[in-house]
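What follows is a structure written as structure tokens; I'll ask about it next.
Letters A, B, C and D mark the chains as written, and numbering starts fresh at 1 in each.
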């Protein structure tokens, strides 16, 4: 941490900063410069509250040099985190993982049907919301535990893994009972009690980036899960808020290589929420894989215009097939692949 | 709701949209135009999922004409919502209400001491966090229930009301037991289970605007509380995320007159979080009152450089006094006042 | 255009809106709804100033249904605009065009040397700034006309086409004399006199998206060029401003399919400015091609640490080669190619 | 400037950074830390291109400690810049200056009429566009030089000073001939040739903040004018782009105290463009004065619904009067005033 002094800061003010730093248990080193002096705080400053120094007399600004996150950083653990799910799906390895399904679970037959289709086309994880966070209290809020049971049956029938969202602590326990991956949605990225509970639930966590979260905040949110002892976190870029509304969100694909350089955690992309428009999902799914995403999360519905939520961004199954065909080639162009361990089994 | 067709949409596609709208139980009215046809959806479309229509063939875009929120809107209730607290403080009336206190409750003596000072200077509601949502899991997270007890003692001694944040459902119950106003923080603005629980807790709710929330989403979040039967919601503008980092957040003061025209709920401003810089708090506090805010929430600490969190944005008590002096004159310039019912009592 | 009335608007107010619309020479059609009335403006409203209607009594909001741009829209011209440059390079066709070179022209030998290298690796258009728009007046501002002459010599020696930026009207004439494509930078996207002059200069124009420009504004800026009779406009996505600073800008790749659906103009991507970080350029270049970009603009420098500007985002030549290898495969995955007409000639 | 090394940077890489800095003519000082080493660049680094260092091996990031602007900074010149106009209006002194008028000059009689009204109500500078930058090439673009002549006549008749926008170099000369203050609009904030020309035109310059400009970029744009020897620059906050569209722009009032602490230049606010909505102009005008603005720029039109541009954000004259009454009280609350030197003359 570097405390930059005003150019006319007095020696007394500089000494004040040095004393304050030492009072916090760190070492301080003044660095005189051409225009002004800076004071370096020596030691791991991850837990230091910059605000305590910013308020001192003569201080211009405080610059964080060390990041506040630890366990999620690549400096902490150099090799990639690789998560193997019970059906053989590997997240964070050389293969690109495909998670797909409807926005919300709408009934038992529909979810099982679409799961069969998706599995045949190469998806190995089934998505589908049982608890839906909706902007309006008057919108459809999901089938709840009933939806979780339908998802579990779809798993039995197809061998696909289940990822579904939990909205609160009780929901985490329920989701952990039925699903293979607990999803924390964008709106809850900084819901710390929820992150902690998910960190103790004994299942991998898929954490979506908040609508206005910096990469730093995104990684710090993941740190909450790791701090509880759960290291199986999958990050998910799903678009950030923009001044333009041509797409529902602005899919920040550069976040993928940025996260890969800062952290060992895998990161996938959700071009369905990232664009909000069916016709833009395929190009952005291709782009995400080309940018190095470890997987995709795609909304697919047998009959999107009849979907109970987010129909406009759901692919038709035949479009999903078209996407898969293109994704295969792109993955190979960068030395990866999109192989389903379920296909291999099926081929036996 | 207006469904705008592409300029070359076929009659069959237009009929498809009409059928879809009727299938949803609404009436549809095609409106031919110079360049293209639009189809109007007749009826209250608050609960209609635009996505179901956006996905239809030939549709260019769907434009919401009615807003999704209801009970919070001024069209639903024309007169201002006025909330009277047990100590006589009135939020949403002609007086500007002052809520002040440290970022976090740090101990019993400090909170009681600062409460006495603030009350004498005209604040009638005491703020102070017992449960702190922190970006890093390694930062100070608050004193928990112990902090709530200290706040309650400060109320006993000073007559000030207490506002403090709840982070999860259990926290809501605990906060409701001790405090007079339950605060929902910016990070939890779209934590719907939390909003619902707060809506059932029997205490007024202070709802902070999310970091990237539109006014529409802000009002919809409040709608969750009202939908549970709790109409005593105080909105709080605390700055939104910006591309510039000269201030911690960008305080959107225009939100104040905008909310006043769309909704009957009171709205206050938090220039401490809104700027993150002590030297900018007073000018922005003045500006908020000038813009028509129904109140202010201000961080004050006896010794900001020693504060356990957010010291850089906390005022010294003498600065708070200076702010109060200026606020009084500004409030009167627009026909309001900053009178403490506690001062009146004290004067007896 | 749709004028939405307040729910309690009087008949007199509705008539006032109808009269105002008719006074502007358009037809008006009131559309009564469940909650409120809207008044449709019939006719091409591209030139209507919404503000004149927004100010009327009883009006809640004015919604534009028709877009303000015309000649750039796909509704005006359905087939893609294809621009063929003198050396056979085709922009907007099935091939992905590669434009590359240093940020700034730094001397005659360096630009000719790098041009030879780039041409061999498949680039057909050489970029290099002679007039540099710099945030600080004290930074290097480019070699001016001397730089243009060096670019012209590089063209003579390699057969590559030249694209370079013009900053003002005189610059446009000078650039048009030496270059094959006139670049208008992001900072000048709404410099209308400059756009008009570029529209009359008789050379194709490469228009970069402004830092905070919506797609609508981007297309309107292009409309200024087309309105002068110049239809050869190449759009360029180069990142927009974001609240996060992990990358210099936020490359909005979804703009590519969005522009392709709204307009017939070709659109390329500039991942160098779009990320500002060398290590992120290749992944985002791949992603841009996968998203459907008609070309790439890439900064390459023989010795980036010695570059006079933007060294941190310039690729080394061997990295450019690696990028080209990957791009080829990705282009083919979506039915395109990256073939240099110069290579074909060279093969003769 | 501080070059932060990766935690595993080798001694050789650290030496490489030291050599590079010395090669640029500065002194370098390695600062070993707990987790990583940083290298300080000693000397005034305003002109150093960070990118040249960011690209070096082992470098994590480069942090600017000194700002790139000089002459605009308060460190360069401590006392406030005060600009006295020929009619006695003082910008940057203790008085709040009121600039008002229509968006565009629409004719001789209307501009003279409104000028008389505004002057009587206390405005001392008349605004009105003769050259209008419009998003669409098909919108009204202003009366040009004819408009300038009408403004000059309004000055003759009322004694008010004239501020009007120039869009290009020729426009600067023309505007400088007729007007008292040359306005550079938000879209041209980074049009450097225009800024330079304005810097040589011999008249004060009013510089509007760009739609997505940071305060740093805003001050650097002003630096272009000062670098030409013109020190009479008035900054103008007029709202930045936001993700929310309830107001046309997001008026960033905190920019006022921020600029006042970083720079000696005066800063005014334009709540008309800053909100785009007539009903929000008065509250935000009050707020701007309360925040410490040195002046206001307000759009006023005798008959806003008939205005040729921006009618929805123009005040009626009686609303302007109401605003002036409130502004007076607020200015006095912070030790300032809103006195027109023209009123004093009139009183003679």
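In this text, contacts are C-beta pairs under 8 Å (C-beta built on N, C-alpha and C of every residue); 3 or more make two chains touch, one makes a residue touch a chain.
Keep in mind the model is a prediction, meaning the values are calculated, not measured.
**Student:** From chain D, which chain is the farthest off, judged by mean CA positions?
**Tutor:** A
**Student:** At what distance in angstrom does the C-alpha mean of chain D lie from that of chain C?
**Tutor:** So the centre of chain C lies 27 Å away from the centre of chain D.
**Student:** Quick one: report the Å distance separating chain A from chain C, using the average Cα coordinate of each chain.
**Tutor:** 31
**Student:** If you average the CA atoms of chain A and of chain D, how far apart do the two points sit, in angstrom?
**Tutor:** Roughly 40 Å separates the two chain centres.
**Student:** Can you list the residues of chain C that touch 2 or more other chains?
**Tutor:** In chain C, 212, 240-243, 245 touch at least two other chains.
**Student:** Taking the touch definition from the header, please name the shape of the chain graph: line, ring, star, complete or other.
**Tutor:** complete
**Student:** In the complex, go through chain B and note every residue touching chain A.
**Tutor:** Going through chain B, the ones touching chain A are 20, 46-47, 49-56, 68-70, 133-140, 167-169, 171, 187-188, 190-194, 196, 210-212, 217, 220, 223-224, 227, 240-241, 277-278, 304-314.
**Student:** In their complex, what parts of chain B are in touch with chain D?
**Tutor:** These residues of chain B touch chain D: 212, 214-216, 240, 242-247, 250-258, 261, 274-275, 279-280, 283-284, 286-292, 326, 329-330, 332-334.
**Student:** Tell me, which parts of chain D touch chain A in their complex?
**Tutor:** That would be residues 2, 4, 7-8, 29, 31, 33-36, 38, 40, 42-45, 63, 65-66, 75, 241-243, 245 of chain D.
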